[in-house]
């Protein structure tokens, strides 16, 4: 029940809103400008909260076209004051005083940033602003000038979603259905087929952890799924099979991270994933002291595309990697050209498992280790884990036989291994020297692949 | 129990720390520079969290002198790059592009701001940073150049302690003792004498509400104490008397806010008080629909000082305000000079209650309404409530007979009344035209006092 | 992680267990006797808890046949001492003293009752004992002598599951999946088809409440489902249709209780349903002051069976109830005998809706009001609500067109209405004089039906 | 806000109450009989809950004299039916059937037991009933016939407060003040002087645990205080000294239980203490694996009384125990009679510490080991711990120098040591053979004391 007080405050705000707008109906998107100005000139009071709510409510009812108008407004009318900034920057350069820095800082803050902060005081304001950025991101492609608005929102979120404010929570079958259905919605690496599938992923030998922000209760920001198993998993099927028998987790010696998903588009570029895996590893090490190995089982989403790109996998590189496996591939494909033969077989890889197993393993390794752009691995997943300090431990051919797994990664999956005492060094080596740390069993192949990759260039 | 994993991570960080510092003992404050640099160059990983914790731990062990050195470092080495900023500001002025704005924004962010954000990832990092600013504030007086560092910290807190992230919680006798003892520590308007005193202030006819931030559990940011009573309270004693009988709160018709306190020095200037009173009023209106009046009973902490200031209360103003009460005052003091007589009696006001009651009422009104600097009321409490949209409802002489109440406010207290539908207009009138809204009963006196104040100038 | 302490205690208990049993393997069911004796002679210590856990663990691994042996043991070896009781009862009759009453009370308590109490100290002991009774109930039919054991367990549960210890909790989509899947399992009135179906039943215009016991967290004892609608619902479909549009609950004027289910077989005969509906009605009245009507939409599970029973619905009663509708029924069935015709049409009632609507309404009313055994309504659902103080408000033909609805209730459903101020009187009238309170609209038909029912007897 | 529904139900109950009572005012205690009868004849409905609340409310307003009348009623009108019971017991003896057992069980249940169960459905009913028994216990001395009523209440509580329903909770400074002030109220072994004293007892090197029942939230049933220290504490002062420095608990090797208190008189005889110590020991062993010793530091509350009792400590026993210390005692007292001398010195023991230390140690040992009634140790504290399976580890003279410590225990305190793997055997030996297990260091003295005690008898 709303109190009389609240009603009165809202009425007086609404009255003022109408007065400002000179109208009785819902504000047009450009009319939001007036409401925003009203919010900005207030001292941030209880009525400010009511005003913020009104603005967000109206925003959410706008069509895409009118949202675009609104963002354009934020860009043009509520943006930074170029000349004032220049003047303040100049003064700061000359004086260098604390006072000059203060002035410059204040001048630098565009009106829209203050507006966002005030909108956040509305009930569920944070959620609405994150949604607003998701809208904005979808419009950026066509409207690159709005990137200035996006930069401010992203910067705001970098402050607000600081790791220090996030809470790591375990998600299991006792968790609220409101949260659980978010997992079903957001899991895109290995889709959750049903509530039964979800339940299996939360049994005693599985773990799911997510980061939450206090202002977004029930909305996981990012979650990771892990399996407690014996040995380093080489194929994905047993990990996501709804009917797989449940292992006593205290008998496990390995933790396999098999899926990590961001949930909120509006937080794109505000990263927490690097924290998540390591912190979950800590939690699990605490719970299961017998576990000796922490590793991912990851896709290589750009592998097939790279294989088809003759500038990356040139003919002679293909030849060098496939080596003695080439004749069998050509024979199976009925053509003499290795590249064509390989592309042909990769349309239905499962039918040519014996011929493809060894070549795919070596090609996969080459792809991860050698295929780079400006020194960074082409593969985004590989880049994430390697820059995170993991080492490349094993290439697993025919590890994911699902249509998508075959289409993107030619069925190959990778284990990136996380070793506590090596993070630092690995991360440094990767960040500074682009060096990828290989597990002991891969080192010889790694050298040979690297040599082959560059031998003719 | 700490996990092996955690141990290993910490060891590897510690090793690296020692390596960086070329030493085995605790880092000297200037050595913190190296640790901070290490933290800034990291990608914000689990080991970054460990590093952040180490830095904060060391910071907290520093002496005041060495803390000063540390802040000076933050100012000189981790501050903004004047020339780069100027260049970026110039480019932005010329290009005005989103890209130029992005560049400028990034250039504007001093290293220390990024450092603060990373320190926040340590366990209890937010609390440590708020404490750090409290340290800094105490050093500002002697070291005004550090205000640049303070500006960045304050700005950070403005983002982090956005009203949208605060939680309003009722505090009562069921609350944790950890929180309750904070009330005892921070209540400075009407000090809490004992746990018995505290308990009385949390009985059925009293309410206490506070704002909390999720990262500072158990640490109220600000709290307000209210009494449910019959009629608008005119004296403070019954409200804070440990032995006062407990009223059935459903019989109350008025809510009196009698104390509001900020708790954390480190958050100075990051204001939430204006939200607090109004939101509590809403909560209480919801719980007690029969309540008709919301008002404060506030001190006037600058009243005595102003009375003694002959530039504010000039002789002819004193004369005009005291009017027909002057002879009695002079007689009681045994002197003909009204100012001297008044000052004399105000040394022991309780002994001259009959003579002082009327004059103090009128002088108090004049002080609140007329004594201003640049249009703002001299009295900070009055300024807070009036800019908050309250109206000045009543002046209560001899309302606070405690030594402090007499020393600061000459025993006078004020009722500032909060009326939901008038906030907006009052706030606007005050903010724009410096207009103070008076309650109906004060309007005639208000006019006369205003005339008298300026009649001879 | 189990502590060394706990290990030691358990070891020492296990050692003692083995010693008692003279064996190394798992105890045979009859060996449980020794363990039970051990538990009974202990002073109820920490080791007693360990022992209780062992007994329950072993019990749960027994086959049905061996469980039967165990219950037989409880009957024969741990039952009451007939002679001692007689002696104590005699002494009490003669002395009537408090001391004699104490003696008798203690003598009356069979060993097994004490055993149950001690077993309850095991972790999750209550759940295990409730499960034990479920096992026992399934064996009672073949082993009626075990009813003595059951009587003790039921009595124990009557104490333990006192209404005062139960907690009423709302269940919605934010509730733990562990609890939610129990709804799917236990809903047997209108089965929940899927998680989507469940979700619809927990939307804003639906309510679900359950009683929980602190010792059975996550295990609802009984739950009721209600719909907020406009008008008294006459058919079940809109209430359980997954695709039905969601009403703003504040627009509703009626609450329809459309399903109530007990969850735990082991608590059979320990009733809480009568509390549940009324308390939920209170909660909903508080949340939705605009609601004016509280009613069920209930099945009549014994209706079809009663219709086919010529001793209940004799030929002349059928004739009297169907009245002028008889020719149409006979015509539709192609036979002159009304009873045969009716039975024929009731095999596919949906095909004869026009002919059957009026007769089924009247027959339904007659069934509820007149078909009794020892004064109690034959229909168990009717008996529940009427003895609960509800009034019979309306008969709805073709209200449930599902196969089961047609098979059991011939598609007819009833509204039992709950009116706060009439509970007491209705309950009294029903309990004492077997009087059924009819709603105003039914009173005339009620009289006529009653006359017709008895006219020829 | 109470709902209209609730109001109506209550009104109709109240109406019925008045009708039953033929009156308008509050019921006289004997009138409660009618209300109780009304409650018993109801089917336990929502209105029953309202009725139960009314009865409890009225009960609580009765004077002691009228409460006595009420209990007398419970005894005479709501008690068991002697003849019916005899008949049923006879039938059961003859038939031995399940049916006969059922009949007998039902007949055995007095009306008042059913009444108590129904009263429990009122809000906070359990608390009210526990309070009712506290009232009853205070009346038993003068009214022994009411012991029959008490027996039923106690039996009920034995069911309700089964260990399986209790929750062990740690109490620390984060606990609600509502709970904390109960500690201050109920601590009677070593009184808590102030909130500061309490706080010290909850610091990092102290632990407090309590059992709670779900129906009595915020009301601990029993609590134990423990200190984490180095070595087995020999004096109480350092454990309860508000100013004692706080030890890092991870440096402790011993846990000393120094106080255990029951809180609710109404639960007298319903024991949980034996569970508490052992379970807390388990918790602490888990948290502090380095702890090697669990022991109490206990008073001997009956020691002084026993010393003064010449039938227990006969002259020759005193002589035998004090032995070579006798001359010094007699000299200090200025008398030749050892008993008189000892009694004299014990009036101010602190002044004669050197003379008394050795004799008190030996007398204390004799008191604990030899002073028995029907085989049970005279000392209640000793009896509690020994029957609990602890062993007698050390006698500490001048361990408690407080007035009460000196008055009751002559300043002597005892360490009873809890060793996990010995509970069972110690408990058995004590329960069956009255054997007290002595720690290694006491065994020789134990034998000598036992011999001396019986040498002349």
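Labels for the chains are A, B, C and D, by order of writing; each one numbers its residues from 1.
Keep this in mind: a residue touches a chain if its C-beta (ideal position, glycine included) is under 8 Å from a C-beta of that chain, and two chains touch if they have at least 3 such contacts.
What you are looking at is a predicted structure, and each value in this text was computed from that prediction instead of being measured.
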item	value
Graph distance between subunit B and subunit C, where chains that touch are linked	2
Relative to subunit A, chain with the most remote C-alpha centre	D
Interchain centroid distance [CA atoms averaged], subunit A/subunit C, Å	50
Chain centre separation in whole Å, for subunit D relative to subunit A (CA means)	59
Euclidean distance of C-alpha centroids - subunit C vs subunit D, Å	40
Chain centre separation in whole Å, for subunit D relative to subunit B (CA means)	50
Multi-chain contact residues (two or more partners), subunit C	none
Which chain pairs touch, all of them	A-B, A-C, B-D, C-D
Footprint of subunit A on subunit B - complex, ascending	1, 3-6, 8-9, 11-13, 16, 42-47, 49, 79-80, 82-83, 85-86, 88-90, 92-93, 96-99, 101-102, 104-105, 108, 117, 120-122, 125-126, 144-148, 151-152, 155-156, 158-160, 162-165, 214-215, 274-275, 278-279, 281-282, 285-286, 289, 387-389, 420-421, 423-425, 427, 431
Subunit B partner contacts - residues on subunit D that touch it in the complex	173-178, 180, 195, 199, 218
